[in-house]
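What follows is a structure written as structure tokens; I'll ask about it next.
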């Protein structure tokens, strides 16, 4: 991948980020509800105090000025103070982000690790019982409302069977020093395998709930593209070369079949990141999604703005990663 | 042992002077002690203060207990108390910012150290409820604040409370550790001494079904905001029980007195009669609420037996007809999503009595724009809402909801006589006289019926039977100093 | 020319591609069954007042959380039990079908309409039109969905129309992408060039030559997305942004009932199953459609 | 009488670069698909155009019809400068200049009936509508060997040969004078191919049509064209009467092309010209004479400047530096 | 010359949506060692399916239902999958029409060449590095053999980095990597330009001569057959209608279809004369009655032709499926 292409990507990022910032600004501006009112709630406050508070929060300036100020500061990674936390927004987000990313990534890995083998198997045994079961299963997967499914899982595995925890990220027995914020990594860095196992246990239910629809979609994509690939001339030619079945399937077919899987996975991961506030709420997962939803209701403008920007950047980066993977799988595409 | 509390919300910050949420205070209060605190019956008792003396209508002396240590081992002094109170009451004292808790301190003019162990609070005008409001403020360590800065205080704790901060896993849990050098807490609330459990963990579980599940699964030992419909289950479960305490939040329906229907007292009375409060309390709230006929909770200062508006839909219809609406009226009732169920039940009762009501669920921020207008013109018919009264003093519930154009006066009620009475009561130092004044005020509003006064729900907790020595408290604090885990 | 040139071809006379595809679809028994289920739900929605055993909005606190008929304490007049306000769950499911299906259809129609317009324009004109639409799509995709929906709902207030708008705002991106891609491919085909050679203008080419040929993947994608939209409505309900009471939508029923799930499982389980069944049926049927109408997508 | 005159026609395709690419400095890439081509076609004549895949035959055909806007050059049709026509006039001109495509599948809209496809020009130009249009369509359809009863069928219900007939009918329905036939038979089987060729020749005679007939099959061109133009990498390297060019090819490329054609019939020992290497990429065409990289006769001059076209016989023109040497690759070398 | 491949009475059927397609209906043929057999016929006449059947590569919904395929003395239809796999690529190799689609776009040319050696070549050393070098050397040698310049570097490239002619040559190199006894070249040049086509065909002829292998050349183009094949076999609608030595079949065809084909070819020599195309079109293979399949298009057709016509001898080494072949001489 050339440096030029990288630069090009970065340049393309600019209008997207500007657009996203603008939309979130306009959206917040047009949304009724006054941050100061919400903040004060039932407390008594004099008009002078209120004006001062407004000034403190920077809400006394005109909209346009606030927008440009935001952009100017954001370029220097300064997103202002959170209205509620008494700390910079960047800090507040940074504490929550690893949890969200960790959950999303694990969900993604679980999804890929189950969807691809299942999809391949379903394609090879097309129309077999297995294929049908997998198809029905995948349809079920996309047809379940996530929060409902999550609670059902909690009932079954945590309350009745009591083999998995209800909520949270890890128990409190062990103290894991925070290095990366990703518990799976931090526990390993600390050499604490028991804690690693525990973190994994806490991840299982939320990751399944979050990853299930994606697993279903990816399985279907893999199956369809595998079937498509299996029809191609180069598969016939590989067979004509007298190669083993395994080699034909895994080396010749799968590598090509994964191309659409990767691009769908990229899109879906974007929505995974941006849509996991529900799973976070159900499983008490201390991620960013929940915080952002709360912040919207509280009109905590700086936090919402920064978080949305962050989501957009992540989305673009994800697509970028997918592009790179794409070139690995498909040499015809040049980055 | 680790005592784990399944709790609805994480703390926004750990700075006692820089937050506005009850949940945040609940967590902070286990690490920081105040000059005074409340016992289980909501009686204000000295904590860090040894005694309180009212020197004059506007002067209070607080004698500070000696030998109180901060978590880092430093000894607390009267200077720290002054620093703490100044930080809250002086404009811009927090790095240019004014504490959001200033409003809770009323008309404080100055705080002075008058003797090595005495701090005097001087008010600019009499404010009888100062002691009732003081439990909301906790003492910080001057040197520590100067060291870590105001921002540092948001995440670091060096208090005098029974627990010190071990780790704050943001959004997930606040882990507290017993402070072994704890001075023991309020002597009026035995037992006195260091906390019983080694660690206390506030584990954040916002979704109530998950919170209940965690309690049932034994993952947590105490949960707050147990939904009424889950009571049966928690009770049926072997290791868990339900504990309740009278709450401090009054629920009511504001009727827009500037609107086309509710400007007529007959219509308002009809609405009040149309609602079978007791049925809702029994069925939806599981019996865990006290009905009210005025704004004040039965536990509040100044509350008294009031004439009841009985449930009488026929009479309601008659009143409606008298008011000129024999065919009934069509109105809407705004409420927040959390109260949708109850609001719908009420709406269907109103509808049965001819006040055909549609519930409109709105988001808190928008509803407060619409209904808490401070005198600006209102739109809409009814607003199902509530107002908290943590101090249990009428001052912070009666005035805001009923004084003309005050911030919580959603009904748009305007009564000059009542305004005068409330203003006078606010500064009246004679307790009995003051009580009488509020009785009078309640009778006034009872006649005008600007609101349909509904109930004060209990706070419901699910508690593991392993927990002993802990009691819920009406101010919805979870004080874990005395809690033990078997 | 001689008659030999006119030898009959294999295809039967007067048979449109559409009908051939339909025949193919009918062969797929599972898909047909699913289509019937969908139809059943639609009929149920339309005929709700005729078939619902109870008034869906009639509350009766004495029946609060009454269990389904077959469980101790149940009553056959309320076969699936009652919700937190004592309303009949079955009747609410029947009426809820109206809302959920309406939302599904309205969102998809809106999104597909907008998507087709934008996609056709981007794919046909390319150049700056494509760039602008592409950037808009990027921005919308980069914007976390639920956050936008929440913001939008907070901005506009709840209500059926607003829910439809909040769900459609980004939904159109998907048909747009499909249409754009297909248009890019089809516009290079010789029959498009032929139309141009005959003097046809862009309007004719986009609407008459290109659109009919890209419609089937769009239809296939749209039906699948409809299933998704129904689920998304449920998510909005979870966040407290669903339909207004007392109207029942399946999403709001599930989400209201989730609070009771530990003790009164039926409140959220039955509407949840209704969602599952309808969405499953739509998915199976649309996969059948895809197989029949757009064999490129399927095996 | 000259019906069509093409002067210095060029068509360059430039890959689009986004703003970002331009900022980053991605180099522009230009395909010179057709480069400075001039030719004339007389009324009633068939001009054959041959050349290898990708040499620009289709592009030239489309540029003449302005289906692809030419980059430069001029096309004069029956005295009118087609390249200068504004949209409405161009539309009118399209009635007179038509095209038949190579792919009988891709060139018919699968969602429209035969009546709609063939009748489209009638509707577009307001020639006829309703029953009248249907009648005209039916007549044309019968003329190309299909039945009027097939009017309401869809393309997929026809075989390849029949589809090609539909395509021909569509081109004919507006009564054109000139038709670009872009490899109309190369996708068809031999036996069907002969049917279509016969049909095209009949129609030409009957309606006095003029064809630009594009093909890569020299046998077909040899059979039906009056004159032939040979293209290599966007340029015409040799033109002339078909007999002249086929029997006495002067450009080394034409010569090698002819020698590569496998022929049915008793095997005769014909001299083979084996070209080395592959067609250069049109993105980076060689300098000088574009054929020099593969030409067995290339001399240093060939790499330096492009050769001029020169007459080498009556109506026979070739562009090669080595025409003087009178060299021919076809002389038996052995 | 000994017979290398002998197919007798081969039937291959497809269960398609429209019905049962008898794609190959009683095909018999012989290929001798070192010989080049041309197979011509219109699109859909069953050329490819016949030889896919030989290679055991007919995939569902297709099925070989009848017939024997003797290769080197063994009936391939009796072999297990594994045995068949061992023969494919080693003894019988195949190239396909479109090299771009037949080469895997995601794998380097080197890998695609190496894997066939890896799968079949028993002479390779067993040590890991030695084996790798041996494979590499062989790969380089094969690319050199088909005339690809700088083969070492080219091995690391992907198919799309080659031109059409080179790809075709690479495919041939892969097919020839294990020196098969029989190469089935399915329309190896249809997708190529004339000048490139000539290069590739000459390459095949060259290598055939050098390695002494037999070649089956499937094509549409009678010209290609005329120039490159010893014998030719003409197929029509799933059946062989005529076969014999190339010059004889082309010089004096003894089946009306072959004759029609030859007359359909436009040639400069025929300028001005009308072409005599075969009218009509290839019949649909679904549900064909057991009668002469060319009947509906045949200028010589008579009522008695409506019977099943077997292959008949038509002179030394020649056979034809026409009742009236005697009248055609």
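Residue numbering begins at 1 within each chain, and the chains themselves are lettered A, B, C, D and E in the order written.
Methods note: a residue touches a chain if its C-beta (ideal position, glycine included) is under 8 Å from a C-beta of that chain, and two chains touch if they have at least 3 such contacts.
From a predicted model like this one, the values you see are computed outputs, not experimental measurements.
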Counting one step for each move to a touching chain, how far apart are chain C and chain D? 1
Kindly list the shared contact partners of chain C and chain E, in label order. A, D
The larger set of C-beta contacts, choosing between A-E and A-B, lies at A-B
Chain A to chain D, mean C-alpha position gap in Å, rounds to 54
Any idea how many Å lie between the Cα centroids of chain A and chain C? 24
Using the average of all C-alpha atoms in each chain as its centre, how far is it in Å between chain D and chain E? 32
Residues of chain B that contact two or more other chains, please. 209, 213, 216, 363, 365-366
For chain A, residue numbers touching 2 or more other chains are 31-33, 151, 155, 159, 281, 297
Which positions in chain D touch two or more other chains at once? 18-19, 159, 161-162, 195
Where on chain E is chain D touching in the complex? 42-43, 163-166, 193-199, 201-202, 220-224, 226-228, 247, 250-251, 260-268, 270-271, 274-279, 281-282
For a test of understanding, state which residues of chain C touch chain D in their complex under the given definition. 1-2, 5-6, 9, 11, 13-17, 126-127, 131, 189-191, 193-200, 204, 208-209, 212-213
In the complex, chain C residues that touch chain B: 57-59, 61-62, 64-65, 84-85, 153-154, 157-158, 240-241, 244-246, 256, 258-264
Interface residues, chain D side, partner chain E - complex: 52-53, 159, 161-162, 189-195, 197-198, 216, 218-220, 222-224, 242-243, 246, 256-257, 259-267, 272, 274-275, 278-279
The answer for chain A against chain C in the complex is residues 15-17, 19-20, 23-24, 27-28, 30-33, 123, 126, 135, 139-140, 142-148, 151-152, 155, 159, 223-224, 227-228, 267, 270-271, 273-275, 277-278, 281, 289, 292-293, 296-297, 304, 307-308, 311-312, 315-316
